[in-house]
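Once you've had a glance at the structure underneath, I'll fire off some questions.
For clarity, chains are labelled A, B, C, D and E in written order, and residue numbers in each chain start from 1.
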């Protein structure tokens, strides 16, 4: 029975020890992410586009989980899917009137874009496939999540954001923490991003304000509740 | 972005140009109390204009009235304000009696007071319960109906019907009370009295309830009078007017000798301010909270009137008197009489021409006028306030559409 | 368990993994569906008792405990209506999006020691993130229905849920900070022992945080008094106005599952998870690891504890729902932005300070 | 202020407006000419002596007898009568105002007679006048929004007229 | 090498990233709706993120991952955050544009054309 299933799915059958569940999940998420991304391009209706985009980004989060980047995956779900897209849907609703829901693109443009995109894709795929062997030890790939679930993955990230690299000694083995020039923390980028976010929030709220009305000042406004995230 | 209301802090300033939307609230909608249809012009959540459309329950009552005798019209009055049929019976009976220059016996008079005030409680209980429903809390509705059922049981014992009574009629009442009824009525009052405190805890003083009703739909006294509002809607705006005290002699004579205080805010306090919850800081005179509170006070007031009526009725020795014949001729002439029904002043205008059938019957409905003020109250409110305001007007479509 | 299957039964690895995956999925699915049935029945009984009624009394014996099953069958048999102008595809998909989000969140929720479909390092974060996706189904439903009432409901839900995620997240960070991990299993383990070890009683700040969390959780799963998305007296039925039959019941199931989910999360984060108020097992000298049968007993005890706490949370939500009137949308936003968020922030700082002043607990 | 003194006051305020009174009836009434309705009402509302700040009811009475034998004995010519019931919340007194209109404008059946609207004086008149227009067929000139209120907007005829006949069929629904 | 028969590795992720990137790019070019362009940008960033995560993943790269360490995940995090910020600003611009022109068609935003 196993052989019949395996013969249908050569990708998975090839993996050592029969069907590799991680491979299967990867395939599932990858196919979902890519096909839904294509659906975003093909769809005409903005709301449908955003729906496909949500699913595509969600599948990508699944890929992140598989790659052992659980925190990034959860972050992707939370911020990208939960936040950004709700914002986007707000935008769609606010601007979606019948004629604007679907603005058609000429077929000529689509063909051209398809050609250029196809060429680019070919180049990128070539680079992806024909590059050096990226993987170190493929044998461990099998039970990746199981192996990584022992130690918390979020703690080093959090420490790194605070400027302390706990993975430093793992990386450079015998290197002493003293010549930490190789790996510094991310405190500065973290702060920059924080301030950036704040500025962006204020800026977005300011931009979205209608300037035609004489303003009584003071009040924040409705759109900023959406941008508050 | 149809209008900007600067001084209202509830209105969020619009940052994005939005489009107006016409929304149909009703005639099939959970909170329009029957078949009222409101066309809302909204900008997001803010309502800029409300237009009521009525007539879905029009049953040609006035035309029917021209083709049947005056006493035969009694059941049709039941079906106007079907939540307070007794009071409608009373209004029509008194109007016909006024035209016929008829006076009922003393015993019938006290029984009428007793029944009418019970009917008022029953109606206000629905108004209160349904108001809770409008604001999204379901339980008070059932608590209210539990007590209303007891009143309906009493009515059923007295006249055999639970909704359309036709009990009070021209010339008196159709039947006397069954034995033991007064005791049961008193028992009900004793049971009911402590329950009112529960209602106050669940609704009147509930923080969310006050937030939802205080300062919402403020109706100024001038506007209330100008729109012909009456009943708790008028008194909720602080206008001291109650037909039981200020009406025509034939009606006020009914309450002759009864002690009661009109439930209206005078000098910043209600007559019962000491025993019952104080007015919260959020409430403004004329808002939904006050309209609701006036109804709650009237329930207490009616209970006192009922207690007095029970005493007086049981002290009466005479007979109840006989109602007029079904096809009794009514004299020529025209009369207009307004009575204080639970929803407001219900007026009946009738023209007789010497035959049993009136030449013209006109019912001036209190809910009709009370509803007509709705567009004014809903100016610039939020969608969630529309049910709150409609509910505080306590309308009955049967009475509006007739 | 996987090792056990592979080694003793000789099953191939892929079959084992798929079997286990299907088993967990079926368990969670059954828990959601069964839990929803039980909670719907409980809601009817609770509301009935609150309102001096009896509730269902006939279907399935004296207590009407088969009522929700009968309702389910009725819903299955109902005509499936779809508005003519609806976006057909999105209209069909929307209930499943909501349901799947709810379902996916359960994957990370531990029910007792080691009883978790997938133990994640970032469990708490994952659960909250996925739960937040439920709103997307609601927005889609509101948009796709081509009804203005639905659209109103969807917009309200979006604004509300997105806003309440902020204080909710802040509240969750406090126990995460105390435990030093985002792994739900570890967080619960750290609260073992007597009930005084629960994070609820850790310090005064966490006590307040728990109540802020409760408020925000009720708001984020759209229960009264924050049920503005379906406010039946204002918006007919809000986002699910146009839904009927099975599709509608998916929304319903998603609602009850997320209620259970946030209650379970509260139980784990603040109420000691599967650790009972009195450590019966450890008083008896038992532990999860001690022997086959006693270990199973301890785990079952933990499961009962957890389910009991989560159910209490759900019952609490029901109690609120049948007592309080509904807030208005601007008041809901005010509650979130002007009260919950600042309080949560201050309590977060307070808890942090407490941890600094009393490093070993007090 | 009740009784003849009040009528004199009214006559002085709106000369030629009052055409008849009946102070002995159960509800005493004052009859005014249709052209003076607006002026009289304005005075009644504004004047501090009277201050009828509330309009309770407007009724249209169709005085018409389709049976010629009865019509001969009726003692009145066919006409339409508008009855205004006013109320003063301050003085707590009521007033009945009547005015007589022709049944049809220019005696052309189907053309509602016209009278000035009082909706600008009392807002309650707004809906009451709409109802009178809807059911009895009186056109109130100057009304902000004179549409049918109880009947559907495409309804034909005025149901409270004595010679009204129910349509045979309305949108496929049998009428009679 | 044969992608189809190898166990999941970095190359697989790179393929997915490439496809997402290209579709995003095509989406940006093709869509006339400003929000569609925005979605294309999100896809492009997401495709880049896949690459970052893949290169920094200890699961996929074994001990080689330590060359990149946490940097892959951290950069991915920053990208996500900045994408959110970018979306907020872009949406604000779109709304502002919509306020003034009543359309979200980017081809109509040609006021600066000489």
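Methods note: contacts are C-beta pairs under 8 Å (C-beta built on N, C-alpha and C of every residue); 3 or more make two chains touch, one makes a residue touch a chain.
For clarity, every value in this text was computed on a predicted model and none was experimentally measured.
Visitor: Which chain pair has the highest count of C-beta pairs that touch?
Guide: The chain pair with the largest number of C-beta contacts is A-E.
Visitor: Name the chain with the Cα centroid closest to the overall protein Cα centroid.
Guide: Of all chains shown, the one whose C-alpha centre lies nearest the global C-alpha mean is C.
Visitor: For chain B versus chain C, what separation do you get between their C-alpha means, in angstrom?
Guide: So the centre of chain B lies 44 Å away from the centre of chain C.
Visitor: CA centre of chain A versus CA centre of chain D: separation in Å?
Guide: Distance between chain centres, rounded to whole Å: 74 Å.
Visitor: If you average the Cα atoms of chain D and of chain E to get two centres, how far apart are those centres in Å?
Guide: Each chain reduced to its C-alpha mean, chain D and chain E end up 74 Å apart.
Visitor: Centroid of chain B to centroid of chain D, CA atoms only: how many Å?
Guide: Computed value for the inter-centroid distance: 26 Å.
Visitor: In chain A, what residues contact two or more other chains?
Guide: In chain A, residues 20, 71, 75, 83, 90, 94, 205, 208, 210, 223, 229 touch at least two other chains, as defined above.
Visitor: Residue numbers in chain C touching 2 or more other chains?
Guide: Expected reply: 155.
Visitor: What residues in chain D touch two or more of the other chains?
Guide: As it turns out, chain D has no residue touching two or more other chains.
Visitor: State the interface residues of chain A toward chain E in the complex, per the touch definition above.
Guide: Per the touch definition, chain A meets chain E at residues 10-11, 14-16, 20, 22-23, 26, 30, 33-34, 37-38, 40-41, 46, 49-50, 53, 56-57, 60, 63-64, 66-69, 71-72, 75-76, 79-80, 83-84, 87-88, 90-92, 94-95, 100, 103-105, 109-110, 113-114, 116-118, 120-121, 124-125, 127-129, 131, 133-138, 140-142, 144-145, 147-148, 156-157, 160-161, 165, 167-168, 170-172, 183, 186, 189, 193, 196-197, 200-201, 203-208, 210, 212, 223, 227, 229.
Visitor: For chain C, which residues are in contact with chain A within the complex?
Guide: Residue list for chain C touching chain A: 12-15, 17-18, 21, 87, 89-90, 93, 119-122, 125-126, 128-130, 132-133, 135-136, 139-140, 143-144, 151, 155, 158-159, 162-163, 165-166, 181-183, 333, 337.
Visitor: Under the stated contact criterion, what part of chain B meets chain C in this complex?
Guide: 10, 12, 21, 23, 29-31, 44-45, 132-139, 142-143, 146, 202-203, 206, 208-209, 211-212, 382-387
Visitor: Within the complex, which stretch of chain C touches chain B?
Guide: Against chain B, chain C makes touches at 47, 50-53, 148-149, 152, 155-156, 224-225, 227-228, 231-236, 322-331.
Visitor: Which part of chain A faces chain C closely enough to touch in the complex?
Guide: 2, 12, 17-21, 24, 45, 47-48, 51, 54, 58, 70-71, 73-75, 77-78, 81-83, 85-86, 89-90, 93, 149, 151-155, 225-226, 228-229
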